[in-house]
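Each structure below appears as structure tokens.
There are two complexes below, and they share chain A, which is joined by chain B in the first and by chain C in the second.
Showing the complex of A and B:
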């Protein structure tokens, strides 16, 4: 266990060494949220609300969704792909830890770093410029953070799965890019799921993606309250458990299938 | 001539490497199509809840997006310098580039072509024709020439901005997140500039002139006369920004001392 904690710490320190680069990142992220803010203001025009969300809630939704993304987003799929391609994975496999566990811990170290040095200052800047509302109750904040942890796990699982596909495809950039696009759309980062036509919402309720962005953001904006919120949290837990199955399967298959391309 | 024949040799070499990993190539083309599809879906869903976006209707917005795709596709096929810092500076590859008999920037462009991105231009043309059919737009013979000029202008703007940012690598070899974020910002040229506030309008017009890749030139073909002045300024901005980036590049190469081992 302490080994994995050490992995989180090392990755955190590694990120810290390059922290100056993040100041520009925050600035640009804020511009990004800003542009969406204007886009949504134009979409709302004079309307009071669309699909139960007011323009103020929508602004908060966009800001929270992007800042949460800084936490759950990581590139371990690309890292795994690279390590498989250059054969490093073979060495990693004989080391006394679980390779996927190590990758998850590194992702967590990166996530915690971004949360502290990116999301928090970013959120303060965004709140100063745009009418983002933070009057959420302590309870809401609490459930939001719980939900955020689940969203990190689900997103990391999906990254592990995509990364591991390199064992079978050998060159995986296409799938990794496709995955990112699918997640941006189906997770609710670009559009709240409730904006989609009914049939599309129906389809998406069977997919794990809305556990990544839609649920935490909706909890924060109080678009999901009471029983609805508990159900949403439960669905996140469901995916956290269920997605372990394909990861296990793919991993044991990959170990048999391993071809070191470089070495 | 030498440059041209070199280009074709690299291009054919590139196609061979792509055909080795066929599944991945197809997936990459599909993922491009997918991300274009996602952006269209965004527009379509948004217009389920509103009729106008800053005074522009659904098909006009779709047209702007379709136009944007064409210069963007050309840019992504030939100017893959977003990982220049990590790939060339940190790993010391730049030393090798400088021993080559062509201009260093051209050499890097050759090594990094991604011809499959050109499919995006076809998507763009299809999207534009769809919007044009809905809008009953007509165009004259010289509009085709203007279209080509505007597309080249837009491509140059993109190339200029991204090359300029890549040159930061000559001065500082630490990792930076500016590149991926710049891709995000660049998306805002796809929407009508008038929905943003004055500061952002200014930035998108004069500092990071992404508006010249989408909405400004597209407004000419949409007969939006109030934007004609900007539309015709597109090629000028393109040449200007590409010129600046090449000056920066040459200054950077002079400054370059090598890294790595």
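Showing the complex of A and C:
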């Protein structure tokens, strides 16, 4: 266990090694939130609410969705792909740990770092500029964080799966990009799921993506309450468990398939 | 005790060939020509504890593939491997605690963070106690002279500095078996000497078994008593290094530099000796067979002609290996 904690620490150090990335990240996220804020204000025009969400709720939804993204988002899919491509995964195989577990821990280190030093200051900046409301109850905060942890796990699982596909495709930059767009679109980051047409909502309810962004953001804006919220949390747990199966399968296949590229 | 036991090991790779031309490229989209290529072909090998073995061969002879199978990275197509009493691939996590590996061409340190942070992480990963770590690594750091490098990020180190750190990183858990895959590639003479000296030391001190692949045969000469020669996936020689020298070399060369020009006729006529003129005052005597001839020849020549310099040229291992590969001479 201490080795996983150590890995999180090392990841912190690595994040700190590139400070410019960190500052520019806050800026980019703030700009994104600003852009969506103005977009949504224009869409709402004078209307009180659309699909049961008021303008204030919508602004909060956008801000929270982006700040939550800072926590669950990570690049381990690209890292795994790069490590497979240049053969560095060989080094990982001579270490007495589980490669995927270690990658997950690195992702967690990155996530925690960004939550503390990126989301929190970012949120303060955003709250100063835009009419975001943080008057959620303590309970809502609590459920939001629980939900956020699940969203991190689901997203990381999907990243692991995408990264591992490199074992079979050898070059999957395209797949990784496609995955990113799919997640941004279907997870409810760009558009709340309730805005999609009925049939699309139906399809998406069978996919794991809304567990990533839609559920935690909706919980925070109190668009999901009571039984609905518990159901949403349960669906997250469901994906956390179910996605383990393809990961296990793919990993045992990958290990057999492992060809170290480049000598 | 045998540290490594390998029987009839074989590793095949499927490779495909591209057809020529545009039409060929389109055909490749649907069906590809697959070819099975055995990178390692029926190798059997045992290595005892405390041995330092040089594993040599040309590029693509199958050295790295063997090492990767021995370390559990690759699964063999067929054959059995037992290293440190375990099956490397099946018992991977337990097994890798008992080995150290250095790949000269890849870094295993974390690129963006200071060297000591990498060491600290490895110490946790291998669950080394503070006491063991301080005692053992203190010594390693001192011998490899990397103390001043510890707080620098790896990306700022020179190749020689990095390589020494890599070696130290592979030894954090003081493994009884060490695999070195081209550890001295691209290093200058001083760093090479430092690394060699260090390897000898740990071999003596801890009885560490070392399997070394390299293209620099001077490494092997300095470190290994035993060499294993590999060609196209097969072992073509496995035995003592000096025996390889004795067997493979037809003879020694003696270079005489005379004070004045010497005609062929004034040189002694002895059986098994061939003369070759290098320039006006220099002759080369090639001796076939008996080593005793050397002193006889020198005394004969010196008695008749005044000489400036005599040099006995021993054939280097490099020369031997080149000969073996060029002439396909297999020794057993």
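As a working rule, the second predicted complex is superposed on the first by the 259 of 263 C-alpha atoms of A that agree within 3 Å, B and C clash if a C-alpha of one lies under 4 Å from a C-alpha of the other, contacts with A are read in each partner's own complex, and residues count from 1 in each chain.
The rule is simple: contacts are C-beta pairs under 8 Å (C-beta built on N, C-alpha and C of every residue); 3 or more make two chains touch, one makes a residue touch a chain.
Note that the structure is a prediction, hence the values are computed from the model and not measured.
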Combined model on chain A: chain C and chain B, fit or clash: fit
Partner chain(s) touched by A:94 [first = chain B, second = chain C, both, neither]: second
Partner chain(s) touched by A:35 [first = chain B, second = chain C, both, neither]: first
Which superposed partner A:178 touches (first chain B, second chain C, both, neither): first
Which of chain B and chain C A:18 touches, first, second, both or neither: both
Partner chain(s) touched by A:52 [first = chain B, second = chain C, both, neither]: neither
Which of chain B and chain C A:190 touches, first, second, both or neither: first
Comparing the two partners chain B and chain C, which touches a greater set of residues in chain A: B
Touching partner for A:43 - first (chain B), second (chain C), both, neither: first
Chain B and chain C, minimum CA distance [Å, superposed model]: 6
Touching both chain B and chain C, residues of chain A: 18
Chain B - residues contacting chain A, complex: 21, 23-32, 34-35, 38, 41-42, 45-46, 48-50, 52-54, 174-178, 181-182, 184-185, 187-188, 191-192, 195-197, 200, 203
Chain A - residues contacting chain B, complex: 18, 20-22, 24-25, 28-29, 31-32, 34-35, 38-39, 41-45, 47, 50-51, 169-175, 177-178, 181-182, 184-185, 190-191, 195-197
Residue ranges of chain C touching chain A (in the complex, touch as defined): 13, 64, 68, 71-75, 92-94, 96-97, 99, 101, 103, 105-106, 108, 110, 112-114, 117, 120-121, 124-127, 153
Chain A residues within the chain C interface of the complex: 2-3, 6-7, 10, 13-14, 17-18, 87-88, 90-91, 93-98, 255-256, 258-260, 263
